[in-house]
Structures are given as C-alpha cells and as structure tokens.
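Data first, discussion second: the structure below is written as structure tokens.
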Amino acid sequence: MKVITFGELMLRLAPEGYLRFVQADRFAATFGGAEANVAVSLAQFGVDAAFVSKLPPHEIGQLAVNSLRRYGVDTSYILRGGARVGVYYVEKGASQRASKVVYDRAGSSVATASRNEFDWQKILAGADWFHFTGITPALSDELAAACLDACRACRAAGITVSCDPNYRKNLWSLEKAGSTLRELMPYVDVLIANEGQAADLFGIRATGSGTPGVGKPDPESCAQVAAALAQEFGCRQVALTMRTSRTASDNDWSAMLYSGGKSYFAREYPVHIVDRVGGGDGFCAGLIYALREGFAAQEAIEFATAAACLKHAVEGDYNLVSVEEVRALAGGDGSGRVQR
Amino acid sequence: MKVITFGELMLRLAPEGYLRFVQADRFAATFGGAEANVAVSLAQFGVDAAFVSKLPPHEIGQLAVNSLRRYGVDTSYILRGGARVGVYYVEKGASQRASKVVYDRAGSSVATASRNEFDWQKILAGADWFHFTGITPALSDELAAACLDACRACRAAGITVSCDPNYRKNLWSLEKAGSTLRELMPYVDVLIANEGQAADLFGIRATGSGTPGVGKPDPESCAQVAAALAQEFGCRQVALTMRTSRTASDNDWSAMLYSGGKSYFAREYPVHIVDRVGGGDGFCAGLIYALREGFAAQEAIEFATAAACLKHAVEGDYNLVSVEEVRALAGGDGSGRVQR
Amino acid sequence: MKVITFGELMLRLAPEGYLRFVQADRFAATFGGAEANVAVSLAQFGVDAAFVSKLPPHEIGQLAVNSLRRYGVDTSYILRGGARVGVYYVEKGASQRASKVVYDRAGSSVATASRNEFDWQKILAGADWFHFTGITPALSDELAAACLDACRACRAAGITVSCDPNYRKNLWSLEKAGSTLRELMPYVDVLIANEGQAADLFGIRATGSGTPGVGKPDPESCAQVAAALAQEFGCRQVALTMRTSRTASDNDWSAMLYSGGKSYFAREYPVHIVDRVGGGDGFCAGLIYALREGFAAQEAIEFATAAACLKHAVEGDYNLVSVEEVRALAGGDGSGRVQR
Amino acid sequence: MKVITFGELMLRLAPEGYLRFVQADRFAATFGGAEANVAVSLAQFGVDAAFVSKLPPHEIGQLAVNSLRRYGVDTSYILRGGARVGVYYVEKGASQRASKVVYDRAGSSVATASRNEFDWQKILAGADWFHFTGITPALSDELAAACLDACRACRAAGITVSCDPNYRKNLWSLEKAGSTLRELMPYVDVLIANEGQAADLFGIRATGSGTPGVGKPDPESCAQVAAALAQEFGCRQVALTMRTSRTASDNDWSAMLYSGGKSYFAREYPVHIVDRVGGGDGFCAGLIYALREGFAAQEAIEFATAAACLKHAVEGDYNLVSVEEVRALAGGDGSGRVQR
Amino acid sequence: MKVITFGELMLRLAPEGYLRFVQADRFAATFGGAEANVAVSLAQFGVDAAFVSKLPPHEIGQLAVNSLRRYGVDTSYILRGGARVGVYYVEKGASQRASKVVYDRAGSSVATASRNEFDWQKILAGADWFHFTGITPALSDELAAACLDACRACRAAGITVSCDPNYRKNLWSLEKAGSTLRELMPYVDVLIANEGQAADLFGIRATGSGTPGVGKPDPESCAQVAAALAQEFGCRQVALTMRTSRTASDNDWSAMLYSGGKSYFAREYPVHIVDRVGGGDGFCAGLIYALREGFAAQEAIEFATAAACLKHAVEGDYNLVSVEEVRALAGGDGSGRVQR
Amino acid sequence: MKVITFGELMLRLAPEGYLRFVQADRFAATFGGAEANVAVSLAQFGVDAAFVSKLPPHEIGQLAVNSLRRYGVDTSYILRGGARVGVYYVEKGASQRASKVVYDRAGSSVATASRNEFDWQKILAGADWFHFTGITPALSDELAAACLDACRACRAAGITVSCDPNYRKNLWSLEKAGSTLRELMPYVDVLIANEGQAADLFGIRATGSGTPGVGKPDPESCAQVAAALAQEFGCRQVALTMRTSRTASDNDWSAMLYSGGKSYFAREYPVHIVDRVGGGDGFCAGLIYALREGFAAQEAIEFATAAACLKHAVEGDYNLVSVEEVRALAGGDGSGRVQR
C-alpha cells in the first residue's frame, strides 16, 4: 500500500550560508514543494510514496525528478510537459533578521496543466492515503478541480485523505482560498492546520483568546479550535501545529492532535534553526506515518512533533530523517550526543 | 555623449565547471543578456553606457540591477515593476559535448512591459548611439513597437543605430523575425550579423557558396553578403562575424567589416574557450567603441575582433576587458605572457 | 541633498565559516571600512551617499570601487592613485573563542594621500551631512588635516557633521587620538561613541560607576556621560552604543541618544551573531538616516539601534538592510518569521 | 526487458579541479565502478537497467545507493550488509602530468560477500542482457564463483552476456586473471577489450606489430586480434577500443567491432579531456545499447565510440549523455556549437 | 624534552556545514585521531610533540603526515607502510539532531602493524611524557602489546604516562576493554576519564548517584569516583571531564582534577558548539601542558577546561588555540570581544 | 647535507578558476616566492631543504610558515618579526587573455629586515648548496648586502651557489639590477637565466639573432649566450630556459645547459598550462637536484626541463612532484595515462 501526494515541485535557489540575496553570486540548487516534501519524508521512513505533478521534459525538469528519485520517491506518475519548473528563492534569516522567500512559480508546467491529464483511477490504484495542501488548488482552477477529482476518487475507494490548508497570500485571496477549501474539506479525513489558518480561512476562533497566530499558542484555545474544525468538516482527526517564533534563529515548537473527541499535546522543543522551511511538511509526514502505523493518539502526535522538530535541523526542504531518529527524540533523547 | 542599449537582463544559472545540468547542486548566479552585455563591455572601455529595461522591484531584480552598477553601467533608466526576472540555464560544453542553454524567460518584467512605458525622448537625451538586437523585438509585440519608437526617435535626433539580428528560434519564427526586422532595418546604420543569419532572415546568400553558417566561413562569400545587406537596407556599415566551431573547446574566430564600399578582414584567432556566451556581444561593443572613436575601418574591425576573441577567455556573459587589453591583442600580442 | 563619508576602504579577507586563520586556504574577499560601511548602509536606505577616499588604479583598486558601486554608492569622488589597497584579515569567533582582526593597512593609497588632493568645495557641493570616524585622522597627519579642512568647510556651508571616534590602538596612541580628536570635536554636531571611549579618549566618566566598557552598560552612567560629552564639545546630539558581550556568539545590544537635554533609551536586543564587524557603523547610518528624516528622538534611537541589531545578522561589513526591515524591527517584530 | 550489471560501487574522492592529492582539503564525493557506470549510462539511454552488488546498511552505503537511484538505475537487487564502501581516490592529470588513482577497496561489502547471497534466478528474471567486467571476479574467489553462476544462469536462460576484462594489477596477477577469465569466456557473447589486454591476458597478438597497448593502435593488428579472440572464445562479437594518449589532456579515441567475420572501424575523435575515468564503460554501455537496439555493425560501433568520446567531456565516472546527444555526434556533428 | 603520543591518524570526511551524509556531494578532508589531536594541540602550545603511528607510503598517507607537519608536530617516528589510511565520516548535528560518526578504520596501516615495528628506546629518547588513549590498544592485540611495551619503557626511564580510556564500542567489548586497560593502568600516572567510563570499564561508581554519564554530572560523585580511580590504579592524578549535553548545539562543559588527595573543580562554560569532536583530546593536551609547566592543581584544571572549551569553537579535530588564548579564557574573559 | 634558499614568501591570492580580478569574491590563498618555491620542490624530491626569510609573528605569518612545514621544508631559520606578509594577486589567463600579477609586497617583514639579522655561519652550517634569485637583492639594499654576505660565506665554506637573476621591473631598474647582480655573480657557480635576461641585464647577446626573449628561442643563440655568461662570470655551469608562449593556455617549453664547454639541449614539451607561475623555480630545483645527485649534463638538463614541464600542470607556486614523476617524463613517458 502506498501514499500519494499531489502538488508542485520547485527549484529552490538559496544563497550560501547567511548571505542576503543582494550578496549572492551562487545559489544552492535543491528542490522543494509542500507535497513533494511530504513524499520524500515518508520515503525516508520506509513508506512507499509517490508524488504526482507535471514537469517540463528538459534537463531542469529532469533534475527535479532526479531529486525525488535519489531519495526513493516513486516518480512514475509525474507527467512530463509544459514549459518551466517553478522557482523559489530563499534567503536564510538569523537572529532578528527574518528569512525571505521570493516566488517565481507562475506558468510552471503543473500550474498550466489541465484537470484531465491526471488519471486518478490509475494513480490511486494500490494507495491507501492521499495528501495534498492548499497550495495545489491555489495554483489554478484546473488544479483545484483535479484536487476535487482526486478527493472524490479517494472517497469512492476508501482512501484516507489528509490536507494542510497551507495558505499562501501570493497565490490567492483568503476569500477564494476559504471557499475553494470548504468545497474540498468534506473529503478530508485528517486535517492539519494551525490556529491562525483556522481563523483566517474558516473563521474558527477560540473564545477569549488573543490574535490567533501571534505569540505563544495557547493549548486551551487550540483544543477548542481543533474540536470546532473537526465538527465543522467532519474530520476524523485534526492536528494543529504550535510554533512560537522567538527569533529567526530560535523557535519553540509543539503540536496537538484532536482525535476521538479528545486533545493530545506533544512536548515542546526549543529549536535552534538550521532550516525553517518544510517544518510543517515534516509534521504532516510524521503524522501520516504514525497514523498509518496505527500509533495511539499521544504516541502519534509525539512522533509527528519530533519529526518536525528534527526538520528544523536539516538543510533544504526535505526532512531527511529516519524513523529511528524520530523515535529516539520522541522517546526523550534530545541531547544531541554524538552517535558513533 | 553616451550609448544606450535596450533589452532584457536575465539571471544566468550555470553548474560549476564542466558539470552537466543533472549533476548540479549549485549554480553560479550571474546576469546576462545581449544588449546588457554590450553596455557592460562599453563601460569597461570607459564609455558612458546606459541600459534600458524593466526588472521587478524585489531583491532578485535588485541583484540584476546591481550586477550592472558594479561594472559602471548607468541603470537609472531601468523601470522597476512586473513579476519576474527571466532566467536562463547554461551548461558549459567541452570537446565534442556541446554547450546547452535552457531558457525560462517568458513572462519577465520586460517581456510584459508596454510600449509607452519607455520615454525615448528622455532616455535618448545626451546619447549619440543606440544599440539593440533582434532579441528585444522578439520578446513581445509591445517591445517590437518600442524598438521602432526608439529607432524613429534616433533618426529624428541623428543618433546612430546599430543592430545585431541575433535570431533565437525559441522566441519567434524565421518568418516573423524576418518581417519584423525588415521594418526596423531602414533605421539601422550599423548592422552586425553573420552569413547564416543573412540567409535565414533576409534570404541574402553569396553565389555558389556552401550552406551558410556551416563549416569555415568564406571571405569572398562574406564580402558579397555584406555588400548585399548594405545595399538592401541602406546601412552605413555592415560587419559579419566569422566563427568556425571545431569543438566546444576550440573555435577559430574572425570577422569582417564592409564600409565605404570595401571589405576589411581581421586576423583570425584560434581560441581556447573559457566561456563562449556573449562573444557576439563583445564584438558589437568592440565595433561600437571603435567606430565612435573614429578608428579607420581596418583598425576598427581588428579591434572588434580582438575584443570578441578575449571574451571567449572571460567567464560569464560580460566581456570584462579593457581598451588596453584589446589594443594589445589587436596589435599582435596573443602570446598570453604573464603581465606583472 | 546627499551625505558624504570620508575614510579608507580595505580588502577584507576572511576564512570560510568558523575556520581559524591557520586553517584557511581560501578567503572570502569583500570590502569594508567604517565610513564606507556607513555610506553603503545609507544607500540601502535610499539616501544619496558618496564615499571619499583614494584607491590605486590597478584591478584590486577597481574591485574595491565596484564593491561600492554595486550597492549604489556614488564613487565619483574617489581618487585613483597610490600603491595599495589596505587589507584586513578577519577570523570569526564563536562561543568563548573571540573574533580576531589582523590589519595590514599601512602604506595604502589613502593613508599616503596628501591633504590638498581633496577638494572639499567640490566634494561637499550639494551635501547636507558629512560623516567621518576617528580612524581617518589616525591614518596620517595629512588625513587628520584633511578632516579638519572638511569640518571647516562644513561649518562654513552649514553642513551637519557627525563623528564616531572609533579608537584603534594599532593606529595611534590614546594621547595622540585624544588631542587630535579634541581639535575636531568643535565641528561635530552629532557625536556617536560609547562609555569606554568617552573615558579613554576624553577622560569623561560617570560618577561611581564600574570600569567603563566592561560588563553591562549602565543607563544612568550613559546618560551622565552623554550629557557631559554634549556639554564639553557643544554637540547637538550625542548617542552612545550599549553592547554587552556575553560570548562571541551572543551579545545584548542597545543604545541611547542624548538630545535636547534629555536621554532616550532604545529597547535592548539579544543578538545571535552572524557577523559582528560593522555593527557600530550600522548604528551611525541608522542614526544619520533617522535624524535627516526628522524622526523624533525616541523614534530615531529606536531606528538606529534596530538597524545595528540587524547588522549583526548580515555577513560582511556592509549593513545590507532596507528602511522597511529596520522599521519592522524597531516597531516590535523581532520574531524572524519567514517573509513570503 | 532489462539489463543487469554486477560489480562494485565505490566512493570516488577527487580533489577539486587540478589539485594534487597533497594539496587537497576537500574531495568531490561521487560514486563509480565499471559495472555501475555501465548501468547508469544505459539508464540515461532509457534502458531499464539494474545494478547488482552489496553495500553496507549505514548512511554512506545509502549515499551510494542514492547515487544510482538519482539516475534511474534499479537498485532493488543491491544487498545491504557488510562493513564498508570501497573507496578510490582520483587525482586529475593535465598536460604531461598523469592522472593518479589510489584504491582503498579491500574488505568492502561486496568483496566480502559470499557466492550464494546472489539469487540469480530472481535477479535475471526479465533480463535479456548481463554485463560484468574482469574487476568483479578479481575482488574475491567468491565473486568469481558468483560470476560463473550468473554466466551459467544466463546461458541457460538465453540471456546475452558481455564482458570487458578490465585488468587491474592491484587486484590480481596476470596469471590468475588469465586463468579465471578463461573459465568465464565461453559464456561471453560480446567481448570488449583492447589490444594490450588481449596480449597480456590471453597471449593473443597480431603478427609483426609493435608492443600492444603502446602508441597509436594499428587497425590491421586490431582486426587480427579481434578475429583471434572471437575464434578462441567463440564470441559472437568482439569490440576493441583504440586509444592514443598524447597527453593527460589530449587523447585520440576510436574503436572497432568484429562481427560476422568482418571488422568495422569507427571514426577517430581528438578528445580534450574533462574526465578520463569511465571512458571504457561508456563504450560498453554504448555498444550494449546499440546491439540491443539491433543497429547494424557499422552504426553500432559508431554509436559506442561516440558515446565513449562524449564521456571524456563529462565529470565523474557516470556517462550522463542521452541517445540524442550520442546520435548527433555519431552522425557527424562534433562542432560543439551551443544548443539553445 | 618532548611529549610522545601514539595512536591512529584517520582521514576525516565531513559534509559541508550542517548537511547530512545523504545530501553530501563533497567532503571536507581533514585528519584526526585522539592521540594525534593531543600532539597537535601541544604543538600549538609551543611544546615539542611527536606522534607515533604507521601510515601507507602513498599520497593519501602523505596528506595525513602533512596535516601534522603543517601544525609543527614531529612526524619522524611515523612508520610508512601498510595498505590504507583509516577513514571516519562525520556528520555535524544541530539542535535536537545528533552528530553522527561512521567509522571505516579496519585494516589501516597502524591497525595491522606489529608490536616490534615500534622501537621505543629510540622513540622515547629525550621524552618526558607519553600519552595514549584506549583506542590504540583497541585497534589490535599487537597494538595493545605495543602500548604495554611503551608503558614499561616509560616506567623504566621515568617518563610520565597519561591515558584517556576513550572507550569505543565498535572497536571492542567493555569486557575486553576493561581487562586490557587494567593491565595498562599500573603504568599510568595521570588518568583522564569521566564518570560513565569509570563505571562501565572499571565498575567504579559513586554511592547513591544516578546513572553515570546521563544528565548533569554531580561534583560530589565525581570526587568520589576520581579518588577511587586514583586508589585502585595508583595514579598520581585523576581528571574527570564533566559534560552536560543539552542539545547538539549547546553543551555545558566543566572538569575536575583529583590531585594530592584533594578535588579541584574548574568553572563551567556554556558552549555554543562549532565542532564537538576532539573536545576530550583538547582537555588532555591542556592538562598535559599545565602539569608539565608545573601549574598548581586549580590552575591546571582551569587551563585544561578552558582549552577544551575553546576546542568546541574550532572546526576539525585539532584544537588550534594558543596558550595565550587559553589563559585569557581561564583568566575569566569569555566575552568573545573582537581582538584587533 | 642540505640546501639553503633565501628570499621572500608571499601570500598569493588568486580568483577561482579563470575569473578575472573584478569578478572575484573569494581568493584561493596559497603562498609562493621564487626561493621558497625552490625549497619546496627540493623537499618533494627528498632533499633536506631550508628556507631563510623573515615573517611577522601574527597568524598570517604563521600560515605562511605552515605552508612550508606542510611540505617538509625546514623553517627553523625563518625570523619572526616585522609588520606584514607581502601579498601578490594573480589572475589566471587563458587563450589570448594574458595572466596578470599585481604585487603588494612593499614593507614586508623581509623587505624591512636588516643585513645583520641573518647569521650565515649558523644558517649555512651543514649546507652544501645555497640558492637565491635576483628578487632577494631587489627587495632592499640591506637584503642585497645580506645576499653578498651569504655568498661570501659560501665561498669560504666551499658551498655551491646558484642564482636565477629573475628580473622584476617593479622592484628595481635594469641598471640597478645589472650593477647589483654583477657584484654577486663572481660567487655564483651555477647561473640559471634566459636569453632575454642575459641581454637586458648583462648586455650579452648572440650574434645575428632576433630580439632576445621574443618568439621561439634559437638553440644556436642560446649556446652562444650561455658560453658568454660562463666566461664573463666564471660560472661552472649556465642553464638557459627556452619558453615559447603561443597563448596563455599553450606554451612550448625547453632548456639547455652549458657545462664543461659544451651545450646540452633537452627535449621540448608542448605544455597545456594549469598554472604558469613557478615554472622557472621548478627548473632551478630540478637542476639543483640533478647536479647534487651527480647526473651527467644531458641527464641533468632533461631532468630539470621535465620538472619544470610538470610544474605547468600543478596549481599554485609550489612544484609538488616527485623524483619518480620527473624521471618518468624525462625518460619519455608524457602520455599522461592514468597511474593506478
């Protein structure tokens, strides 16, 4: 049985170290994209994971495909065609200087793909889980329709669907995102979000709390919001990530899972950041792994939170950590002692 | 008095050394574009050169602007707006393995600019030379119109116009290129081309020669073609470059100038290639410099040819060589002895 | 209206990452110098800034000039001549290991320039602010005289003068520095220093405090010292930086401004250091910007302190941050969240 | 139908550029090995290729596996176990300075594997071609036995076997190599060697020629030797490579194929060397591709020779070129003109 | 008078920055090994230090020798022969992600050397101190015998012997390590260990404490353990290091010395880690230096602890810090202020 | 018995690959200087070689010392003091673009040393050969005097003296060089020069030849010049290098030796240049080695010429090649075949 994720894979161009964009004269060239990141992380966990997308037939498209093959992701459902690989530029922040991302993704092969290029019957054969984020339907109306097609096919085939709304303001308005995602939510079994997105996209807020998404997340508020999301959309499980950004170098990181009517909170990790991008995707992969493996709720949220914690210490979008490493951390060893 | 060039400036991403695209995990990030290359080369010659274009307001756009400021090009006429910096990927060939270029330039700020964003009265004030290549009108109908506007303004103001047709098959068809360029040619005082382009774009061929653009260029054919071009379009001077590609590592390079009814041939250089891209632009800059300085025809073509020869030994698009270096080579010293 | 800064620009050679000098086999090659750093920072803020100096005509001198042009500094007043570009080697410290700087600046073009090479009438035309640091007069008696010339020309023309004493023990003795600077101080409108320098150079100390410059700066002492400096030299404003070095990796950073008889204290930032060099210059540039823009005293010191705080997160001497970034931090957002 | 290759994959450590070993403080880390190189090259040609070997379960073993997955090689038959990844250090020569290889491969996982770990029935299912080189049986008696097992299984299943004797003096003596290979030869359908190896290993020499393997290979001698090899071992086809080493930077490269009682000679290429290692493996892959595709003999040897020619212009062991690129060169275009 | 250390020197291969092994495509190539690290650190302190080992005659062996010569270590007693340089791969951890070491040292030249290749009479002539760690006898029975030979020769010649048990589970079992080391201990004058090793190897535990080696070391327990070790083995001095691993990025570091029947505790340093490997070796070198110089016990343990603290801020195995730097830190200046 | 060389060691800063100075943002940092280069090359040949100079006590001075220790040169006679390490910037040329060197060596520690800091009695004890070049006396009158002191001490002690005039126009005039060197020549046993220097410095020209130093050296002229030099200065042997610079990438290289009244010519090598600097020093070292080993004249000049040929294929100033490598080339194998 395998996991399918669907979205865009972009070339990620990053200046070396802590150089700013205007200082750059070379870029580290890796690849990333929310759903591809989830597939790669799952493959590191030993899961049979496939990524669905479209990439141009030229060498840069091939480089993108190879970045997934290298880490064991099944790329046989990636369509080849269209004109370009989307690009995103990322500048790593430090201390009080924030990280910056400049997107150059319009017109990419997948963003210009049409709904019926994706044969979901064939793609989903042998799958038991389908994951997408709000970025995919944001790329084009055709892709939003493709997401709906996929969700329906999953529902028909009894395949679990997970979704992270992952709102990107450069891609669509809150209004369009809210209405599009509301159409997809009924098919989503496992919803992964945070307090801010619940408020902004779906108008779901805890009573009496501060501004959602600002400052330290409040467990009580999160519990309320998760329960409300589960009720509103009929999700089996709702997970909320709980990040506190102290500076660009230091964050606190935790998460909770609402399952079976109860809220389970993971321990909180003080993280010294190597690469912040893809933390949420690492969380999604951890949660998918844990739930597919049948972990109990507390164990599942600890695993997913530890996986995402480790992501912050890995360069690039991909969370290249093993099940053993995640288990060790979730089991309490965050000492970072040398493993010989 | 200054020189104005008009076109697109792209981010140039190149794997290190001789690595192929599929081996790359970092890219050297420089900038280039035919007309910008000419401006940079002229600035190295001490000429007051300005580049006209449009670049996005974000940091990657700024990085592009800075790449020109660094080398002394006046960037005050570059509009800031639009969405993206065009990108081109270049893989350096060697021996029998050809260099490869993958363009990703559609939708760039300048390609989506409109004709009337460019205020030629203001831009051309104080200029005595205007240079563009066939790439600029190929980017969009609006830019083709902007080129025409610029040419007309030059004619009115007595500003010399030079053009290199620089045909790019990914941008437009030979038919569209031919018809668009034919409209612009009457304004061109100095035309810089090669035998292959003369044949393909304008149907001008030497009698009895082989396939133009294949194998060693024939001086006699070049003389015929240059004369025919001068006559057809009323150009004051026509220069043809004469390249023989032996392998990706070794070329022979020469050029000729038709001026005042006579053909002048430069010496031929065997070049060991460091970076092949921008050789033609280095030639244009050399010729513009020489003609503006009032060099005699033979001296002018020797200078331009030597300038382009040196470009093949400089990394990146920009021909970062001085007048003294060009003069030394044109004057006969190609020994490459260490200058202490 | 523009800002003029005057001093030396040096080649800065730094081993990669945290390598020590004796481990180096390549050096990052950037440029820096207190006054040039201020000019670059101001140019990033959109200010018309020019740097005055002297650099050799050879390619290394050109590389230095280009490092300024790239970031938009006006280099047209830089004289070209003399023999060498001063060099400084910097090794980045971490944790308890201190950063190290080895200077090799004797005999540089500017240090061997003579007073009358600088035509202040011409240079200062169109300027409303002149900035120098104590390093410039320390380089030679001729440059000290040139500083005096510049200061007098500013006084005559109503141009504001700012100065950071910036004592360097390798360049001159405390005695010589004190006497030379005392001659210049009467022309200084805005003095930027710290408690240690006030004590060492001018013998101005707060009553009953500990050793100035050691441990956590005391606000009360700073207020006293600033007031005393303002009174002694008749400065319009006096700013003192307040740094606490916990380790080479972590500092606390704040500052205060004495203006109109009152002391204004900025918030204190815990900084995780990327590059410590140029922090004070970033502060000077922030203060000059704020005062030229007419910020109120509290707003001005918050802006300058935030600017310098951000400098600690930027590689190299130059503080490559925008007004928007400084304002965001001064306005309270130090969370370092990713800006997409 | 797929191609199976069997051998060792080593970590290849190379100083940057033309640095000598004693100058190195970093190594480019790629992977290579004669049979893996063939698999990678075939995968670039679109062939379904699998590589059989054994690698340790730790991360360096995984890095080796990933180097193959990245380029599309099926790694599902690679056993995981044993202690180490073999290493080879390579220093790139230039001009009269020869390239150097230092092997550190003893005790690698595959060299210490036992014969019966390889289940040839399962591995060869669905295959139509099996390739190995003399390096594999040289690694251990167990691997020699495994080669014999594989050959017998191929014979039984009608799978074509190709072999390149690839003698390495550090691994075994000429005597042991000769006797071991003689045992395997009867199963080899396609033999790929050169004049020197035919003489050294099998005592087969052309009449009246000079020292085999020294100086310019003589076509007549090659024809004699190939015919003798075919007769001696009953091979369907024998190919001989014909290299002339002028310097470490420049070689002449050609090859011939003896098939159906006739000798076919490819054109000779003057190659400017980027990376010399893996040239012969690139030839093997080219020949396997051509013969599997049913090319006529002349076409086949031209294709294989052109493939190997291109390998000399690709960094690393792997010949990352496409069928289209090989065809273009074999078809006569070695001009290296930029492909846009 | 000189110090002799005896052990293995390995090639250390590390991905750049914080990259994981599976992301690596180049490795920083330095050298390290516990005893060589001590020799290098001593040489930086101005001590005449020689390293005894065996390395292959090829260029990689030479590179290893050169890494020591570069830093002033006497390499004239290094035997040249055998087959390989041991390799170890190290991946730098960060935050909760632990550092990883993969050893590939079996079969190295020194591990396959025989006891009587080492002529201790000659080697120890002119020496007053001999240092080894438990790694050397772990490499082979022959080397264990060689250690015994060396210890006996030292006892006979009145040369001080120091030893750090340095247990490596990949090299030998606790049982074998315990019994082998017990045989050597009677010759050890200065023992350097930690609480965990005392318990695991020698069964020496403090009464009523927690698990030795886990969590924050307890001074009282350390005092007990050190006294017990001194009594058990008749050591003149016993030093115990006291590390608290908070994360892979942040540790607390201290140590104590038991001497003359009393325990001396150094101050504790919060260290922000640049490179964790070699910290213990830096401590050994610091202690050897201090004791040879005749420092009082408190001064000695402060010096050794400060030396090791600084090691955490130096890249690579070698602790490249001077006596002046260690003294400054031991004397209280951990502010990391820039040294100009 | 050992060889002593005396001169300056400079930090050599070179942009990466073929980048021009104005493109550089990092420099490879190695060290070089004519006499140090000779010492390093001799040490690679197994000769006991010491280098005499003066370097500052700071870390950059130490880095310079370490660059020699690493390659086995005895640095115990290097004085530590003075202010700076001389610097030279080198830009690698290619094809028709010449290499460039910018010197920044004035005021270096050795150039400001005084004559009596060098205790030649002590330095020359145990030496049988002393080598210097014309650069050393050019640095200062004090160093010229020190050279004279050294020469006289050699004559008294029967130590062979070799000298390469190595004229540098930036350091002194031809007149001053000629007169200073003429004073030293009577002590020189082995003179190493070229036709151009013989003419420019000493006015010694072959009859009827072209301009010395331009174009292809003529054997007959060289024989005449060498004989004349030997006669004029009473040298035992005179060697002349014979370089033909075709381009910056390709040179022809040969040399001759006049000894015992006869001229011996080495074979000529076509060299593809990796690094041109230090070729002459490689020749000197080769000749010193060969003559000290008692090679016959023809064998000696072949060895020295082959050594220098190989230098052109080694990065940096130092000729890091072994006796075996030189012998192989001198013996006729210039094929550059991979050495496994």
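Letters A, B, C, D, E and F name the chains as they come in the text, with residue numbers starting at 1 for each one.
Throughout what follows, a residue touches a chain if its C-beta (ideal position, glycine included) is under 8 Å from a C-beta of that chain, and two chains touch if they have at least 3 such contacts.
Note that the structure is a prediction, hence the values are computed from the model and not measured.
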### Task
Enumerate, in label order, the chains that touch chain C and chain E alike.
A, F
### Query
What chains, if any, are shared contacts of chain A and chain F?
B, C, D, E
### Query
Would you say B-C or D-F is joined by more C-beta pairs in contact?
D-F
#### Entry: Furthest chain, CA centroid comparison against chain A
F
### Furthest chain, CA centroid comparison against chain B
E
### Query
Which whole number of Å gives the spacing of the CA centres of chain A and chain C?
44
## Note on the structure
Chain-centre distance (mean CA atoms) for chain C and chain D, in whole Å, is 62
### Query
Touching two or more other chains, which residues of chain B qualify?
17, 20, 22, 25, 66, 71, 100
### Message
Can you work out from the touch definition every pair of chains that touches here?
### Response
A-B, A-C, A-D, A-E, B-C, B-D, B-F, C-E, C-F, D-E, D-F, E-F
#### Entry: Interface residues, chain C side, partner chain F - complex
13, 20-22, 24-30, 58-60, 62-63, 66, 83-85, 87, 89, 91, 100, 102, 104, 106-107
#### Entry: Residues of chain C defined as touching chain B within the complex
66-67, 69-72
### Task
Note which residues of chain F are touching chain B in the complex, please.
17-20, 22-23, 93-101, 103, 168-170, 245-250, 276-277
### Summary
The chain D residues in contact with chain B across the complex are 17, 71, 269-274, 306, 309-310, 312-316, 320-321, 325, 328-329, 334-340
